[in-house]
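The next part holds the structures, each set out as structure tokens.
Below are two complexes that have chain A in common, paired first with chain B and then with chain C.
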Partner chain A sequence: MIEYILAAIFAGLLLHGIHRKVIARVQGRPGPPIWQEILHTLKFLAKETWIPKTASQGVYVGVVAISIGLWVAAFALLMAGESLLLLFALYVLHKIVEHGIGLASGSPYTKFGAIRSVVSAASELPLLSSVALIYLITGSLMLRDIEAYQVINGPLLLPALPAAIALYMVILSKIHYGPFSIVEAKELVSGYWTEHFGVWRGVMNAAFGLKTFVLLYAFVMIFIGPVGVPVALLLVFLLMISLSFVCAATPMLAPYDSVTVQTVTTALVACYIIYLGVFA
Partner chain B sequence: MIQVFDLNVEGRELFSLSFGDIVPYFSVYTGALAAFVIIFILIAIFSLPERQMNIAFGGDAYYAKEVNVPDMRFSRFMAIACGAATLGAMVTGDIFNFTLFAVMVGITNIGIVAASGNKHVLNAAFQYGIVAMLATVPLFGGAALILATTGSLSIWVLAGAGVVPLLAKALLVLGVMGEGIAPLYIGKAEIIRAQGAPYVLMIHFSSLLLFLRVIEIVLVI
Partner chain C sequence: MMKRFSIQLFAIISGVILVIASAGAHLGIIAPSLSAVIAILIVPVLLISVGLLFAARLTDGDIPFMGY
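Moving on to the complex of A and B:
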């Protein structure tokens, strides 16, 4: 299992590097090499590390451990074909990680990042509507059942298109340099994780790489079905490229606009679910 | 009769303990949530609070706020009580007990915020208290409707039966949203002026966990 986790972290960090490269090329810049995020992570892991004097030490260190634990658990449940509801729960708990990282250090910059993280809690709502719609169509929330359903009935991408759009929005809201990346905006230095450096930053980079891989792979599993690992990885790559194009061409939204867009998306999917429930 | 774990919603059964029709149970889902609650309770017990950095107006000086020890002890007690209530809400197999734990989370959340002597923070705690109090109406109303229409409040008994009115489920969700609305007040004032980690963090954590549990209950019953 450990080799799969390391491979997934490596793939996630590589996707982050590709993301930065594509954004740069769309914007007419050369951009960093695609392995830059892997180098960053290795560099941070080898740097001198301590805990700021003003920090709540338990939270400062604990949330870093929780962040990597969360996404390792999410990856494991993806591999085991466990409940989509649990994946949703782990995604929601990631919000606590953002919040905890921001609150732990005592710095006003990280604290504002944490506030924005709370305000943007609406980013979880589209995922909830996705889960509900998938349950309505397939009658199960177990990932292996959802895959089995797609083997018989074809990919869910078209029948559950609003859910796919909602999940795409969720992934977009968690991707770096995106229109919804208000929690790590540059006016807050690096946002909620400004004060986490050295090994803490390296571990968090690894966790966030794993997060990106898990979310993209989950999208492929849920909406395309069992296609084999090479094709799934190709689809993950194409999905990442599409997200990079959106990020390159879209300015970062103001915090309340970001919340409004995510809430409206949820409302549209909810209307579709009600329509399906009543008329279909 | 359909069992909770026949529904393919929350993973396989890990543990169940029957007290008549009331059955506290752990699935992979609720077990994972309960494990996270225990981790956060331990963090609240053993971690000292952060010392906030403040900018002094009119210059470029900054200073670290001092931690008031009696206030800190009260916040810590409330945070641990909040964690215990959240754990109860994760473990219970009874809808009425769930609503009671949700209300207890609301009360302890007010306590965590109200420990600060700052008037802005106290104002936020007061407003949150009103919302939490109002939210008990749909919360207990939802549970009462379920009992009146089905004759049971056991999640185990109601699972998959499809007899719970949609209105009751909506009221239950609305009540939990009211009890767990504290994060919006965090966004407003106290996060800046009250100590954040680890006590205020527990407010957000308990609210999200209640939300996650009520979704499971609503999907199952």
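Moving on to the complex of A and C:
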């Protein structure tokens, strides 16, 4: 298990590096090398580490451990082909991590990040409609059942396109430098994790790398089906590139605009679900 | 304050537990679900202790837990 976890963290951090590189190239900048995020993580692990006096010591450290534990659990669920509902429950728990990180240090910048995290809870709305539509089509929320359904009926990407768009938006809302990344906007320095430095930042970087990998891999599993690890990794890579293009070409939305876009998306998918339920 | 020795102990023990859990699951001695639960609980301990170990050389073995 540990070998897969470390490989997934490595792949996730590499995806973050590719993300930054693509954004830079689209914007006409050379950008950092693609292994920059891996170097960042290692660099933070070797930096001097302490806890600010204004921080709540237990929460400040505990939330870092929870962040990595949470995404290791999500990765384990993915590998076992367990329930999509559990996977997304862990995704929603990630909100607690964002709140905890933001509120633990006592800094006003991180508190604003935590408050924005509450506002951006709207990003979970497309997730809800996405899960509902997948259940309506496949009749199950177990990842292995969804994959088995796709072996017989073909990829879900087209029949469940609105759900795919909704999940794509959910992933977009969790990607760095995206239009919905209001929790770590530059006016808040680094947002909710501004005051976590040294080892804490290094471990969180690893956790967020794992998060990116898990979310992208889950997207491939849910909408493309069982294609084998090499093809799945290629698809994850292409998905990351497409997200990077969106991030590069889209300015960061104001917090309430971000909520509006996500709520409207949910409403559109909900309309499609009602249409399927009533007419199809 | 945490001393370098205790962090080394945490890092080694957690690393060994993870390797045993992983090998056990591969060999069929441990159920994969148990291996996953062990990983979920121990990976944070391993990563944080290894990180603190890297950082410990800057402060001559001590980890000052409350700073500015």
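To be clear about the criterion, the second predicted complex is superposed on the first by the 280 of 280 C-alpha atoms of A that agree within 3 Å, B and C clash if a C-alpha of one lies under 4 Å from a C-alpha of the other, contacts with A are read in each partner's own complex, and residues count from 1 in each chain.
By definition in this document, contacts are C-beta pairs under 8 Å (C-beta built on N, C-alpha and C of every residue); 3 or more make two chains touch, one makes a residue touch a chain.
Every value quoted in this text rests on a predicted model; they were computed, and no experiment measured them.
*Asks:* Using the superposition on chain A described above, determine whether A:233 touches chain B (first), chain C (second), both, or neither.
*Replies:* neither
*Asks:* Is A:1 touching anything from chain B or chain C once the two structures are fitted on A? First, second, both or neither.
*Replies:* Touch partner of A:1: chain C, not chain B.
*Asks:* Residues of chain A touched by chain B versus by chain C: which partner has the larger set?
*Replies:* Residues of chain A touched, chain B against chain C: more for B.
*Asks:* Which of the two partners, first being chain B and second being chain C, lies in contact with A:64: first, second, both, or neither?
*Replies:* Second partner only.
*Asks:* I'd like to know which partner A:105 touches here: chain B for first, chain C for second, both or neither.
*Replies:* In the superposition, A:105 touches chain B alone.
*Asks:* For A:93, decide between first (touching chain B), second (touching chain C), both and neither.
*Replies:* In the superposition, A:93 contacts chain B only.
*Asks:* State whether A:73 touches chain B only (first), chain C only (second), both chains, or neither.
*Replies:* So A:73 meets both chain B and chain C here.
*Asks:* Just chain B (first), just chain C (second), both, or neither: which does A:145 touch?
*Replies:* first
*Asks:* In the overlaid three-chain picture, which partner chain does A:45 touch, first (chain B) or second (chain C), both, or neither?
*Replies:* Only chain C is touched by A:45; chain B is not.
*Asks:* Would you sort A:203 into first (chain B), second (chain C), both or neither based on which partner it touches?
*Replies:* The second partner, chain C, only.
*Asks:* Mind sorting out which residues of chain A both chain B and chain C touch, each in its own complex?
*Replies:* Residues common to the chain A contacts of chain C and of chain B are 53, 57, 66, 73, listed in rising order.
*Asks:* Which chain A residues qualify as touching chain B in the complex?
*Replies:* Where chain A meets chain B, its residues are 53-60, 62, 66, 73, 82-83, 85-86, 88-90, 92-93, 95-96, 99-100, 102-108, 111, 114-115, 118-119, 121, 128, 135, 139-142, 145.
*Asks:* Enumerate the contact residues on chain C facing chain A in the complex.
*Replies:* 18-19, 21-22, 25, 32-33, 35-36, 38-41, 43-45, 47-48, 50-52, 54-55, 58-59, 63-68
*Asks:* Could you list, by residue number, the parts of chain A that touch chain C in their complex?
*Replies:* 1-3, 5, 44-53, 57, 61, 64-66, 68-69, 72-73, 76, 79-80, 198-199, 202-203, 206
*Asks:* Please output the residues of chain B touching chain A within their complex, sorted ascending.
*Replies:* 8-11, 28-29, 32-33, 36, 39-40, 43, 46-55, 64, 183-184, 186-187, 191-192, 196-198, 200-201, 204-205, 208, 211-212, 215-216, 219
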